[in-house]
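Shared between the two complexes below is subunit A, which has subunit B as its partner in the first and subunit C in the second.
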Partner chain A sequence: MSHQLPAILFLLPLFAAISMPVVCLKHRHWSQPISVAILAAMVLVSILNLHNVIQHGEVRYMFSGWSAPIGIEWVADGLASVTLVLLSVLGLLCVVFTGPTFPKALGGRIVHFYTLILLLVCALVGMVFTRDLFNLFVFLEVAAISSYALIGVAGGRALFAAFRYLILGTIGASLYLLGVSYLYAVTGTLNMADMANQLPLLISSKALIGGLLFMFMGLGIKMALVPFHAWMPEAYTHAPESVSPILASLVTKVALLGWIRITYWVLGAPIVIFNIPILLLVAALGTLAAVIGAFLALAQQNIKMMFAYGGISHIGIILIGLGQGNQTGFAGGIFYLLNDAVMQAALFFLAGVAFCQYGVRTIDDLGRIGKQAPWLTGSLVVIALGMIGLPPTGGFFGKWYILLGALEAGNYVSIAAVLLSTLLTLAYFVKLFESIFRQSSTQLDVQSGEIPFSFKLTLGVTSAAIILLGLFSAPIVQLLLNHALPPGF
Partner chain B sequence: MVDVIFAVFQRPNFLTFVIIFLWGFYIMVTRYNLVKKLIGMYLVQTSVIFFLVSISVKKGATIPVLLSTTEPVQAANYANPLPHVLTLTAIVVGVATLGVGLALCAAIYREYGSLDEEEIIERLE
Partner chain C sequence: MIRPHDSIIVQTLGRFLIPVVQIFGLYVLFFGQYGPGGGFVGGVILGTGMILSVLIFGHDASRSQYTKNVLHGDGVGMLIYAGVGGLCMIGGGEFLNYANLEIPGLETASRRSLGIVLTQIGVAIDVAVTAVSIVFSLSAEEIMEDSING
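Let's turn to the complex of A and B:
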């Protein structure tokens, strides 16, 4: 039974998504409770799966019994299992959050909305588990197509943002597919482990290098790495309030996970191509993203836009950790990835509550509701501590391990970049708080009443999670070091 | 240099791939009409599929069904089915993306009464 858990995790949201339009044909209001139930079941199954992986080692799942290089292989290792627990918990919170934020323009199409959310979740599960490059492409596209539709679902400005995302995302997917076909032409296999065995002999092949370049550019667009990030802030800002948390916290992070799989599991990390160490390149890209993203965030007035740029800079920090080439840096990077997913979800929940409850979109307006919104301000303080990286939060320990890794590698540029990005994060949160605590500002006249329970729940749980991840950082990082490292690292 | 040019013309299929890919990319970058952008996008996708097909061509090979069960299998006699399966999947993905793109275009037209990118951006300001 326990070796079927990866397939169960994938099939739960898939079957729910397929049967949703039929089951909820007459009873539209059933669709949210059903999605919540499915995702709650996924949380349980993913925790069982993590327990099973820690106890008995990784689970290899072969579809229809075809073994690895021929069939499609899924592997539930430590990294995938930890990510899945996070994915299902955040997915559950996002679905709970959707209730009161539901865009009015959507009207009766609520059933299709939840169908798309469940399809997105099932594609993300596939992306986390798969060890087949083409399978990764298919799930990447399923996730992307559901996100285009989800962004454009409520109409208005979001339509145009979704269209731009579609154009850029498709260029990314085409480049990725082109890279995969190059690698397939060179190695004759699509399985990651099989390809990793063959690559050392072929490392000087130009087709291989071209293919890798195309793949990294394609995935770079999907995960909003800095030179390719243009679609991301606009799409996440104009997306409906109920959609942006799940996109910001999960879609880009899982694409980043695919990138990590290819860099570490296929390519083997400490590899040198044409005298350029790959890891140096990863760290350099991370440095660029960390600093530029934070600078751009500082310049924003719209709070969602600011948070989206903050997310871009955090992807850079994760890459800096991964690029150090030692275990501490890698575990720190992965730990920061988990933290960042929680923090992005919390930030966009906050932005959603601010807009739906108080009608606030810009930083100046946020200042005028300060005292009337204790839940909002309270969770903002916790999230700010996490984003800046102050001690009891997970953000601090993530950056701490990344810095330790960089010290171990003697990479002082990386250290400077992390510190500069931290200072800039501090600067843009100071900008937020300055506006909140400014006494002279006229109070906004809002008759908002009590905020709904689901808002309190999502803000409370994510804020608590940010602190809990910090308090339990030592066992989590130890778990990552024991179970989530790439082979031969 | 001359060798390179000769090498390129030895492989007209790769040359065709490059031309279609860049053509699609050019349309996407230079045209303001959203439907034209989608056409460019579809050309890019199609060119990648074309590339996948063209690298998997095997001359003198038959369909991948065993001719004889008693003799040992000669791989050179059969076409490799995997790239064709990949191609089919990639076509399906491309059609789905195009469908969502056209739906978005229709919604944009209903909302703004135009498909010209510059006009829409003017309305947004």
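Let's turn to the complex of A and C:
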């Protein structure tokens, strides 16, 4: 039974998504409880799966019973299983959060909304597990198409942002596919492990280099790496309040995970192409993203826009960790990825509550309601501690391990970049707090009433998770070091 | 909103052509086991037949609730596909490993054959309904609303 767990994790949301239009044909309001139940079941199964992987080692799953280089192979290793636990927990919170924030304009299309959310979750599960380059493309597209629809679902300004995302996302997917086809032409295989065996002999092949370039550019667009990030803040800002948490916390992070798979599992990290060490390139891109993203965040007035740019800068910090080429840096990067997913979810929950409960979109308005909203301000303090990276939050330990890795590798530019980005993060949160705690004569008089339970739950759980990830950072990083490192690292 | 085509030639030819297209679609679908063909192509041809009938005879050729609900068929097609896969898992194999389809009195080869036919039927339904719903959603908004809320 335990060897079926990866497939079960994927099939739970898939079955729910495809049967929902039929099941909820007469009873539209069932769709949210069904989604919550399915994601709660996924949380249980993913924890079982993680336990199983830790106890008995990685699980290889061959679809249709075709063995590895021919069939599609899924591997539940440590990295995938840890990510899956995070994915299902955050997915559950995001679906719980959708209840009171649901866009009124949607009306009868509520069933389709939850169908899309579940499809998005099942595509993300596939992207985490798969070890087949083409399969990765398929799930990338399923996730992207559901995201386009989810962003544009409320109409208005969001439609424009969704269309822009659609154009850029499609270009990204096409580049990725082009890259995969180059690699397939050179190696004759799509299986990651099989390709990894063949690549060392072909390393000077121009087709291989071109293919890798296309793939990395494609995935770079998907994960909003700095030169390709233009679609992301617009899309996340104008997306409905109930959608942006799941997009910000999961979609870009899982695309990043796909990128990590290709860099470390297919390519093998310490590879040198044309005298350029790949890892140096990764660290350089990370440095760029970390600093530029934070600068841009500092310039924003809209809360969601600021948080989205903060996410871009954190992608850079993760890449800096991954680019150090040692175990500490890698584990730190992955740990920071987990933290960042939680923090992004928390930030966009917060922005959602601020808008739905108090009608606040900009930093100035946030200042006017600060004292009337204890839940909002309280969780903002915790999230700010995590984003800046102060102990005892997970953000601190993530950056700590990344810095240790950079010290080990002697990469002082990376250290400077992480510190500069931390300072800039501090600056934009000071901007927020300054606005909240300033003695403001124009208090906004909001008759908001009691804040709904699901808001309290999501804000509370994510804030607690930020601190708990910090308190239990040592066992989690140890787990990552024992089970989640790439082969031969 | 698509209105019936008023040319008698088109209408008469349509009455002949549509059944032929549908049968050819089914042939391609089932021939997929032995040669070129299969669920996707068969589904596209079946869907083309349905689109042709809508273009020739109009939206209102059939007013029944049933035809409106048929647009939920993409879910049904996927459900058949995933359901067959799930049955294989219950039988103890991997997802879509048809050898583990628990049907008494069938050899492994026949199970594989039956399994792939069933999944391809699911795929064909899915593709056909998707093709039709794309045409519907391009043609008019109010029909889109009807089919979604109906």
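By our rule, the second predicted complex is superposed on the first by the 488 of 489 C-alpha atoms of A that agree within 3 Å, B and C clash if a C-alpha of one lies under 4 Å from a C-alpha of the other, contacts with A are read in each partner's own complex, and residues count from 1 in each chain.
Following the convention adopted for this analysis, contacts are C-beta pairs under 8 Å (C-beta built on N, C-alpha and C of every residue); 3 or more make two chains touch, one makes a residue touch a chain.
Values in this document were obtained by computation on a predicted structure and should not be read as measured data.
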Could you classify subunit B and subunit C on subunit A, in the superposed arrangement, as clash or fit? fit
Please work out whether A:N275 is in contact with subunit B alone, subunit C alone, both, or neither, and reply first, second, both or neither. neither
Considering only the touch criterion stated at the top, classify A:Y184 as touching first (subunit B), second (subunit C), both, or neither. first
For A:Q55, decide between first (touching subunit B), second (touching subunit C), both and neither. neither
Is A:R109 in contact with subunit B, with subunit C, with both, or with neither (first, second, both, neither)? second
Who wins on subunit A residues touched, subunit B or subunit C? B
So, A:G65: does it touch subunit B (first), subunit C (second), both, or neither? second
Identify the partner contact of A:P21: answer first if only subunit B is touched, second if only subunit C is, both if each is, neither if none is. second
Minimum C-alpha separation between subunit B and subunit C after superposing on chain A, in Å: 7
Subunit B/subunit C common contact set on subunit A: none
Write out the stretch or stretches of subunit B touching subunit A in their complex. 25, 28, 34, 37, 41, 44-45, 48, 51-52, 55, 82-83, 86, 89-90, 93, 96-97, 100-101, 103-105, 107-108, 111, 120, 124
In their shared complex, at which residues does subunit C touch subunit A? 69, 72, 74-76, 78-79, 82, 85-86, 89, 93-99, 148-149
Subunit A - residues contacting subunit B, complex: 134, 137-138, 141, 144-145, 148-149, 152, 155-157, 159-160, 162-163, 166-167, 170-171, 173-174, 177-178, 181, 184-185, 190
Which stretch or stretches of subunit A touch subunit C in the complex? 4, 7-8, 11, 14-15, 18-22, 25, 61-65, 108-109, 112
